[in-house]
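Handing you a structure now.
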Amino acid sequence: MAETVAQAKGRAPQDSPNDAPEKAVAEKTESLWKDVWYSLRQNVPAMVSLVIIVLLAIVAIVTFVAPGILPYDPYQQDLSASFEPPSAAHWFGTDQQGRDIFCRILIGSQISLTVGLLSVAISLVIGVALGAIAGYKGGVVDTVIMRFMDMMLAIPSILLAIAFMAALGRGIDKAIIAIGFVSIPEYARIVRSQVLAVKQSDYVAAARVIGDSDATIIFRHVLPNVMPSIIVRATLGISSAILDAAALGFLGLGVQPPAAEWGDMLGRGRNYIFAAPYAMIFPGLAITVTVLAFNLLGDGIRDAFDPKSRNR
Amino acid sequence: MLKYVLKRILLAIPVLLGVSIIVFLIMRVFSADPAPVVLGQHATAEAMEAWRDANGLNDPIIIQYFNFLTGALTGNLGESYYTHTPVTQELLSRFPATVELALVAIVIAAVVGVALGVVSATHKNSPIDGLATILALVGVSMPIFWLGVLLIILFAGVLHVLPSSGRIDPLLAPVGGTGFYLLDTLLMGDLEAFSDAAAHIVLPAVALSMYSMAVITRMTRSSMLETLNEDYVRTARAKGLKKRRVDIHHALRNAMLPVTTVIGLQLGSLLGGAMLTETVFAWPGIGKYVVDSILKSDFPVVQGAVLLIGVIFIIINLVVDVIYAYLDPRITYAKEEG
Amino acid sequence: MSMSEISRRRFVQAMGAISATSVFALAGCGAKRASESDDNTDSTASGIADTITFAQGADPRGLDPAYVDDGESAKIMCNIYDTLLAYDTQSCDIVPCLADLPDISDDGLTYTFKLQEGVKFHDGTDCNAAAVKANIDRQLEPNRTEDMPYASFVFGSEASGSGVASVEAPDDTTLVITLRAASTPFIKNMAMALAAPVVAPSAYADGANSIENPIGSGPYKFVSWNKGENVVLEANEDYWDENRMPQTKNVIFRFIAENSSRVTALNNGEVDIIDGIDASVVPTITDAGNELFEEDGMNINYMAFRNDDGAFTDLEARRAFCQAVNVEEMVQSLYGDYAGVATSVMPLWMAPYDEDIQQTAYDPEAAKQAFADLGITSCTMLTYTNPRPYNSIGGQALAEAIQGYLREAGVEMEIVSYDWTTYQTKVETDKFDVCLYGWVGDNGDPDNFMNLLADENVSMNVGRFRNEEYNALIQQGLATEEGDARNEIYKQCEQMVADQMPWMVISHSKNLAGYSPKVQGFYYHPTGVVHMEGVTKSA
C-alpha cells in the first residue's frame, strides 16, 4: 500500500499555468480525458481487466436483481450433496452444506464489490474533504488535520480495521466502515499536496481576483486537477479494500452465515484442504483475479495519465 | 544533522500521543461496555457498577485517558479479561516471535525484490522482466492467507520437506535467551536447533514476504530505469565502461535511495500482515494472540497490542527517515514532511 | 562527494555494529535448550525414540483436576496424576491404583481405602492419606468454590443430600470416606480424570499455582506449558508402579486448532499421534501410511435449548425445532461412517435398555406450521469453533447445517461462535436460545450422563433444565444397586428427555485417532483420555 501512495503522489499530471482560466481548464480537461482513454485502450492488460470488472459488476447486479437466474440457490442447503467434486453439474464443486460453490462465488461478487466501492466511497469523500480543507486553509487547520492523518497512518491499516471490528462487532456493514475509515489519510494526503500545488497556480490567483468564493474555487478549479490522482488511487483502493475484507472474512470477522463472502468461504474451506481442495482454491482464485484486475486497471490509468510512462 | 534528528524525534512525540488517543477512543469510547463481558450478562447492575467503579470506567473520559497513558508509559497495559495476566507480560513473551518472523520476511523480500528489480530493469522487456512483472502483480493481488495455505499444502502436505506449523521442536527450544530462536540457537552453537528453527520459519516468512517482495521489485525496477536514463550513467557508458560495472556501481547505488525507504516502510506494514500469517501457520506471535483476543473481545489485550505495534511502526518510520536523510545529500534537513 | 561517501559508509557500518553488539549482549545472558539431553530425536540403545508428540485441537483449560471440565485437560492430566482407583485399559471396570479396592460397609456409606506405601509426589513430598484427604476436602463444602465444575458431580452436595459427608486419614495408608447416602457410581468416580486425581498439596498451597504448575505422582512429570503451543512432560523415573513405568522419555502435547493442519503435521512427521479427526481426512491419513484408531465412543453430541429464557421455553417450540432438523441426514453427511445418529442420550452399547426410546421425528411441514403459529421467526445459537471429541468437524459446520434446516422452516438463526475455551465462559454468561454442546462419559455409569440435566451447575446443565420429577429419578438411581431396577430408572430419565426435549440429541461419535505406524501401545480410553506411559515409538 505504501508503494501506491508513493507513486500516486509523485506522478500527478503536471499542470501548466494558463491565462484564461475557465475555458482553458475545461478544454484541457476534456482533451486530457480523451488522451487518457486513447492511451488506456492501447494497454491490453488494463483493457482485459476492465472487461473482467465490468463482467463482475454485471454478475453482481444481475444476481441481485434476479437471483433466480442462478442454476442453484446459493443458500439452499442439501446435505446429501456435500463436497461433490467439480463436475458438469457443479463446475466448482459443492461445499460442506452441499451448496454450489460456483453460484456462491458469483453471488459473493455482490459483497466484494459492495465492500470495495462503498469503503472507497467513504474514504474518498471524507479524505478528499479533509485534504482539500487542509491544503486550502493551511495554518492551524492544516496542521491539526494532517497530524491526525499521520497518527492514523502510524497503525498498519489491517490492524486498525481489525481493532475497529473488535469495537463495533462483526458484520459486513461494520467491515465497510472499518476499511473505509482506515484509508482516509491516503486520500487526504494526495489531495492536500495537489491542492497546495494548484493553489499557487496563476489561474487560481486569477479566479480569486475576479472574486470567486472559496467553495467555487475548490470545486471548479482545484478538484478537477486532483481528479486523475484520485481516480488512480481509488481504483487501487478498491483492490486493497477487497483484500482487507477477505482478510476479515478469513479471520471470521466478516459476514454472518449463510451469506457468501469469498474470504469467509476460503477460511471455511481451509478445514478441508485434503478432502475438498476446490472449496478453498476457487474462492482464493476469485479474490486474486478480482484484485489483480483492479490493480492492473489502476496501473493502466496511472500510466495513461502520466505522459512520461506512456513512452516506456 | 543532529538538529534534524532531534526535530524528527520531537515531531514523533505528538504522533505517538495521537496513536494512544486513537487506540483509547476505539477501545474505550466506541466499543461496548466491558462489564457484561467480564462479569457475565446475568450479573446484577450493582455488581457491574461496582466493577466499573473499581476499574475506573466511571471516571471522566479525560481522567481515564490520563490513567491509560500513565499506565502505558510505565509499562502497565492492564490485565487480560480472561486469563487475568498482565498484558505487557503476555505481549513481551510473544514479541520476539513476531519480530523474528518480520525480519526474516523483510530480508527475503529485500534480497529477492532488489535482485529481481535490477535484473528486470537491466534486461528490460526480456522474458525475465516479464516474469518479474507478473510475479510482482500477482504478489500484491494474492491474499496472504491463501498463499500461506497453498504453501502448506505443497511443501508440508505433498512434498513433506518443511514443517507446517509452530516455531521450533519444543524440546530444542532455547530457554532464557533473547527469544529470537535463530539467534539464540546460533549463539549456543546448537546447529540442530538452529536448522529446526530455520525450517519452521521458511514457509511463514515466504508467505509474509510476498507482498513486500512485489512492492520492492516494482520500486527497484522503476527506480533503476530512471537512473539508467540519467546523464551520468550514459556518460559512464559512453566512456566505455562495461555495462555490468556501470549498472552496479553507478545506477544501482543511486537507485537504492528510494528503495531503502520502501523497504523500511514495508517492514512496518509486515507487522500488519503478520496477523494473518501467524494465524495460518500457528506462529506463536503477537498477531495470532491479537486475533484470538479480538474473537473473544479481550479489549485490554487488543488495546495494548495495537499500541505496541503503532509505536514500533512510528519508530521504524523515524529510523528510515533519519537514515534516508543521511544517505541522500540532496535532502535539506529543515524539510517539512508531507 | 568522496568525503561524504566515506562518512556515510561509516555511519551504516556503525549502525550495523551497534545493533549487532546490542543483540549479542542481550543474548549473552545465556540461552539454554529446553531439554537437557544432547540428542532428543535420536534413538537410545533400546531402539525406542525419546520423544512422542501428541497433537490435539486446543490448550487445556488448566492442569489442576479440581478446576477444569474438559477433555483437553484430562488427556494431559491423566499422565501427571494418579487416582485412588483406575479404569481397566479398555473398559470402565475398576482396578486398584494408589489404593486397593475399598472395603465398603454394609449400609454402603463407609468406604475404607488402603493406600500404597511410600509414594512420593514429583516434588518429593509424601503422597499419603493426608494428602488425599486434603484433595477431597478442598472440593467439599464449604471450601468448594464456584470454579470447581466437577466438585458437586464427583463429591455431591449438602443440598442434594448426596456425596461425601467426611474424609478421615487415621494413618498414612488408611483413608476413610463417609457418604451421606449410598451411591452406586461413587466407586467409579474415584477413578475419574477430573476432580478425583490426587494433586500434591504443595502445588496448591499459598503462592503456588497448581493450574499452571501441576505436581502429581503419576508416570510423567510436568515440565512446561507454552500457552497456545505445547505442554511438555518428562518421564518420572521414580514412578512407584513397576507395571506402569513410563517407556518414553519425553511426551509433548501440541495444540493445533485446525483439523487439516493437524493431519498435515502427522503426515509430515512433525507429530506422532493426533486426535480430533473428521471423516473427510481419514483417507488422507491412511493413504499416507498412518494408522487409524477407531472405536465406539462413550459420548453424546447435542444441542441444548435454553429452558429458562428465550424462544424455546415452550415445549411446542422445542418440538417444532426438533421436527425441522433432519438429524439422520445431517449426521450421515457431516460425520460419514464415524458417528451414529443418537437415538437417546446414552449410546446404545452402553445402555441397551434404551433401544425403544424414540426422538421427535423429522417433519419439516409440521415444523414450518408450528413456527408460524408460534410466531417464531428468528433465534440465536451459541456455538464453539473447535472440533470436539463428540463433534469432529467443529461447532461452526454443525451450527450452519442446523441453520440451513431452520431456514427451510422459516426461521432465521443467527450463529455466534467462540473458541472452545471462551465458549465455555460465554455459555454461562451470555444470552442465547440454543447452544451446541456435548459430553464424554467419565466413568461408564449412566448417572454420569443423565445427571447432567439435574445438575445445578450451569456449566454442566447449559440448557438450565430444572425438573423436580427428573431430579428425584436421578437421586433414586444413585441409591439403587446395579441391575434391572436401576436400568428402568435411567430408561425413564431417557424417556423424559425424549418427551420434554431439553436437548436435541444429535450423534454418538467414534473415538478416532491417527498415529504413525512406528507408534506402539497406543489406545484411546473410552473416557476420552490417553495414557502415554505404555506408548513407544520405534526410532
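Note that the chains take the letters A, B and C in the order they are written out, and that residue 1 is the start of every chain.
Here is the rule we go by: a residue touches a chain if its C-beta (ideal position, glycine included) is under 8 Å from a C-beta of that chain, and two chains touch if they have at least 3 such contacts.
Just so it is clear, the model here is predicted, and its values are computed rather than measured.
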Name the chain pair with more contacting C-beta pairs, choosing from B-C and A-C. B-C
Taking all protein C-alpha atoms shown, work out their mean, then name the chain whose own C-alpha mean is nearest to it. B
Taking the mean of the CA coordinates per chain, how far is chain A from chain B in Å? 23
Per the C-alpha means, the centres of chain B and chain C lie apart by a whole-Å value of 38
Which whole number of Å gives the spacing of the CA centres of chain A and chain C? 47
Touching two or more other chains - residue numbers and ranges from chain B: 152-153, 157, 295
Where chain A touches two or more other chains simultaneously, the residues are 252, 270, 273-274
State the interface residues of chain A toward chain C in the complex, per the touch definition above. 75-77, 79-80, 82-83, 96-98, 252, 256-258, 268, 270-276
Over in the complex, which chain B residues touch chain C? Could you list them? 36, 39-43, 82, 152-153, 156-157, 160, 163-167, 169-178, 180, 183-185, 187-188, 190, 193, 282, 284, 288-289, 292, 295-296, 323, 326-327, 329
Provide the residue numbers of chain B that touch chain A in the complex, in ascending order. 14-16, 18-19, 21-23, 26-27, 30-32, 137-138, 140-146, 149-150, 152-153, 157, 215, 218-219, 225, 258, 262, 265-266, 268-269, 271-273, 275-276, 279, 290-291, 294-295, 297, 299, 302, 306, 309-310, 313-314, 317, 338
Chain A - residues contacting chain B, complex: 1-3, 6, 9, 147-148, 150-152, 154-160, 162-169, 189, 193, 239, 243, 246-247, 250-253, 263, 266-267, 270, 273-274, 277, 280, 284, 287-288, 291-292, 295-296, 312
In their shared complex, at which residues does chain C touch chain B? 4, 8, 11, 15, 23-24, 26-35, 40-41, 51, 224, 226, 228-230, 232, 250, 252, 254, 256-257, 261, 264-265, 267-270, 418-419, 421-422, 425, 428-431
